[in-house]
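Both of the next two complexes hold subunit A, though its partner changes from subunit B to subunit C.
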Partner chain A sequence: MPTFDLASVPLRDLNQALHSVGAGTNESDFEVINPRGAHAVAVGIDKPVHVDVHGSVGYYCAGMNAEATVTVHGSVGPGVAENMMSGTVVVKGDASQYAGATGHGGLLVIEGNASSRCGISMKGIDIVVKGNIGHMSAFMAQAGNLVVLGDAGDALGDSLYEAKLFVRGEVKSLGADCVKKKMRPKHLALLADLLAKAGITDAKPEEFTRYGSARTLYNFNIDNVDAY
Partner chain B sequence: MCGIVGLFLKDKALEPRLGALLSDMLITMTDRGPDSAGIAIYGPSEAGAGKITVQSADPASDFKGLKAALAKKLGVAVSVSVRATHAVIAVDVAKLDETRTVLKELRPGVTVMGSGESVEIYKEVGLPQDVAERFKIGAMGGTHGIGHTRMATESAVTTFGAHPFSTGPDQCLVHNGSLSNHNNLRRELVRNGLSFETENDTEVAAAYLSHKLATGSNLGAALESGLSDLDGFYTFVVGTKSGFGVLRDPIACKPAVMAETDEYVAFGSEYRALVNLPGIETARVWEPEPATVYFWEH
Partner chain C sequence: MTYKNPPTTPRQSATFDDYTLSEIRRAAATGIYDIRGAGAKRKVPHFDDLLFLGASISRYPLEGYREACGTNVVLGARHAKKPIELKIPITIAGMSFGSLSGPAKEALGRGATLAGTSTTTGDGGMTEEERGHSEILVYQYLPSRYGMNPHDLRRADAIEVVVGQGAKPGGGGMLLGQKISDRVAEMRTLPQGIDQRSACRHPDWTGPDDLEIKIQELREITDWEKPIYVKVGGARPYYDTALAVKSGADVVVLDGMQGGTAATQEVFIENVGLPTLACIRPAVQALQDLGMHRKVQLVISGGVRNGADVAKALALGADAVSIGTAALVAIGDNDPRWEEEYRALGTTAGAYDDWHEGRDPAGISTQDPELMKRVDPVAAGRRLANYLKVMTLEAQTIARACGKNHVHNLEPEDLCALSIEASAMAGVPLAGTDWIPGKTGL
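For the complex of A and B:
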């Protein structure tokens, strides 16, 4: 199992090694030690490798991830798993702002709290946060699911499109055009599946509230013409 | 971008290492802003003793004979310790205002960076590493300090555009962000009698806080009112004689990470700034909430 000690090896060596993995290789497990808050750790992977990062990282960890499973045994800076396409990213600690931003697919699990703008403009990614999320989360979120076991901050789901939001705790306030919605059997089934994928056994789908778009911002309302 | 750091020591055993720890934190933040760097260090204060940090573009002639000239004019003992382009003038605390007036007559080319009983402010154009070495920050001890490395956005790269900005006796401010209503606010503050050295937005924020403090607010109240009067992006770290505070705007785009142990409270624009601190592995690490005033005092 290749181990990269970022205290002595340049970050570029790690990312180059991850990008050079050939199809069907047996060298599929990587360890990263001493990341010491480094930016862009394990970005742009497109093979089904496993990467374990031991320590906290900076900006854009596991950005653009496809197929890989990246686990951070620590906290992450802004933009973890930004624009993820597929695969799984697990953060054992907390995440800074815009976790999972613009993500197209895959699963992002944050075991601690996520701060502001979690899931901003998400486009199909599934995000499960065991703790709380900050303000302006799921802003303009287009598709995918955001599951929060704790509380959500101000302006959740502002200008939301078709992403589904499930919050177990309190929501400080809802953003424009985001409304509480009924939990139907298909949503309970979806949520049960997401919780299982995220390895969560101590939360029941029935404990969550669903939020989604009221769809009143989808078309221009001629009555508002004077506002422009 | 800009990078800011702060370190508030709880454990006296770390005090001799304050300058070394803080400059190491600031150097780690170099790639957030390579234009200029500055540090405010709060050293031990003696009862009745005051100090003024001054800067000169021509230190060789401005600081030559300054001690004797000041002592003669003021009629009290004065000491002047020169560090590159800066000098710290130590004088009776009751004579601080008079010293500043006399200084203007004696050395018109000299600018006051800060004054009080404890604070010393050093800032210059250049990388944090060069600025720290120039002023030998690493050898300084103290109880707490703040630092800044600048990526200039809205005003010139000069010594006076560097942070920290003094906001009053033993008070200073560093800023990551940009204010959008600083021109309007500057005009209002000028009408209230304040004067400005630069076109810099942070100088306006510093003057705003000075004005609030001078008109009866305490620091907490001044920062609270800043939330409604200052428009734009900001993460501020403020230093006072006894402690330091943190305030982020309600949107909180500008990054901030804090760490606390039994030995210290530390602030960094990024976690990277904190990784060399003793015991960071077991510290409580968190992000300060938006629109929330944080303050630690000795």
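For the complex of A and C:
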């Protein structure tokens, strides 16, 4: 297994090696040590490789990931798995702001807490957070699922489109046009599947509340202006 | 004897003019602000307020048709492994599929390619029409990230991080429901028919320190091959340019308030931002102060219409210009041939700006399948190429008259201003004097 020690090897070498899989190498398992908060670790991968990062990283770890499985054995800075297309990213620690921002697909699992704007503008990604999430999470979220086993901060789902939000704990407040919705059998099944994919066995779908868009802001209406 | 007061001619108010009165009535009737496309229509100091001095005893001209005058420009050599090489210093600005029809995007790609320059995607992702027909395509990285994906990022020739645009610095995008067709909705991951709002700021970074890290990420994803542009609206051009350079940009694109938009509030277009003319010198000064002039390229846009405008922008220190509205006119926008239909929409050819309504008689700012058939991409692309060539010839004509063997050799000393305002903004002397307000003498 190739190991990249970022204390001595430039970040460029790591990302170039990950992008060269198939062309220059057939390796499928990579290890990164001493990331020391580096930004843009393991970004832009488009092959089904496994990357284990031992330590905490800075901004945009696993950004635009496609097909790869990236596991961070530490915490991540802002924008982990931003604009992810597919694959899996697992964060063993906590995540800073914008986790999974604009993600189109794949699964992001955060085993600790996630800060503000988790899932902002998400476009199809599934995000499972075992801890709590901060304010303005799922702002303008378009598609995908956000599952939170803990609590959610202020203004959850503000200006939400068609993303589905499931929260097991308390929600401090809902954002504009975000409402509590009935949990139907298909939602329970969806939630059970997401929890299983995230490897969570100590939470039941029935313990969650579903939130979604009231769709009152989809077309501009002057009578709704106070909601903006 | 009775005194008869002779009647005076009815006097219209300069403050409450016809347009203002109509807008008050419109607002009172609807309760919503006016939305339209295009850029600022108010009169502001512009390139028309500058003149070239031409050659004289102290400077000799070059012979037209005999002595060469170069027009090529290289963009992005600061960091990118594969900089952009253009034959002409005029690019096509970012305009989205969604706001424009597929045939219109194809025409822009065809025309730009024929002329040896680049075109640019917009807020809605990259279409096959534009990638397939654009030899050099700049991929915009916008706050909405609609359609953003690493595959398109890698098949782009350059990446433009859009912070703002001249028509609405500080504002986001808007695409009303009537233009959200099934295809547009799918590309943007949105329900069909909704009024789509694009965010005004990026979802995962704020400020220049974050921008530097974001640019690093984009470079790592694309293996440092692509030039990275940063586009800003004309607001604080000195600091925005300096911060873009500090953040690692290869190219700064600066868009003045005459630059068009697909749709935003009229009050925003007309009252926020700086005229293009006021943006150039502060941006050039920032580059010079940082020792980065000609190393980080400056692209100017907003109201560029002809070769004289191109030459003036370059003389003030820009490396290239970008056109949007003028390119649309070249492919048929606001053409008098559709006058009857423009009148049916309550407007007239040349003034039509309800681009957001999707009923463009010219078939350009629409998703209506019947209307868009009116754009023949091959013929429209040819028209755009012709127009670009004329602009280039005009700029060369002026450059030769000033004794320059490359359009980039034009300089502020070749210019004078016709008004005090233009003199102050452009930093060139008032015509017939050596006075630059704020810089020389009283």
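As a convention for this text, the second predicted complex is superposed on the first by the 217 of 228 C-alpha atoms of A that agree within 3 Å, B and C clash if a C-alpha of one lies under 4 Å from a C-alpha of the other, contacts with A are read in each partner's own complex, and residues count from 1 in each chain.
Assume contacts are C-beta pairs under 8 Å (C-beta built on N, C-alpha and C of every residue); 3 or more make two chains touch, one makes a residue touch a chain.
Model, not experiment: these values are computed from the prediction.
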Winner on subunit A touched-residue count between subunit B and subunit C: chain C
_For A:K130, using the defined touch cut-off, is the partner it touches subunit B, subunit C, both, or neither? Pick first, second, both or neither._
neither
Request  = Please work out whether A:K164 is in contact with subunit B alone, subunit C alone, both, or neither, and reply first, second, both or neither.
outcome  = neither
### Message
With both complexes overlaid on chain A, does A:S115 touch subunit B (first), subunit C (second), both or neither?
### Response
first
* Touch check for A:R36: first (subunit B), second (subunit C), both, or neither? -> first
A:G58 contacts which: subunit B (first), subunit C (second), both, neither?
-> both
**Request:** Check whether A:H187 is in contact with subunit B, with subunit C, with both or with neither, and answer first, second, both or neither.
**Result:** neither
_One more residue to check, A:D94. First (subunit B), second (subunit C), both or neither?_
first
- Task: For A:P78, select first, second, both or neither according to whether it touches subunit B, subunit C, the two together, or no partner.
- Result: both
Dual-contact residues of subunit A (subunit B, subunit C) 58-59, 78, 97
The subunit B residues in contact with subunit A across the complex are 251-253, 255, 257, 270-275, 285-287, 290
Listed in rising order, the residues of subunit A that touch subunit B in the complex are 36-38, 56, 58-59, 75, 77-78, 94, 96-97, 115-116, 134-136
The subunit C residues in contact with subunit A across the complex are 30-32, 144-145, 148-151, 153, 176-177, 188-191, 193-195, 197, 199, 203-205, 210, 213-214, 216-217, 220-224
The subunit A residues in contact with subunit C across the complex are 11-12, 15-16, 19, 39-40, 43-44, 46, 58-60, 63-64, 66, 78-79, 82-83, 85, 97-98, 101-102, 104, 117, 120-121, 123-124, 139-140, 142-143, 159, 161-162, 218-220, 222
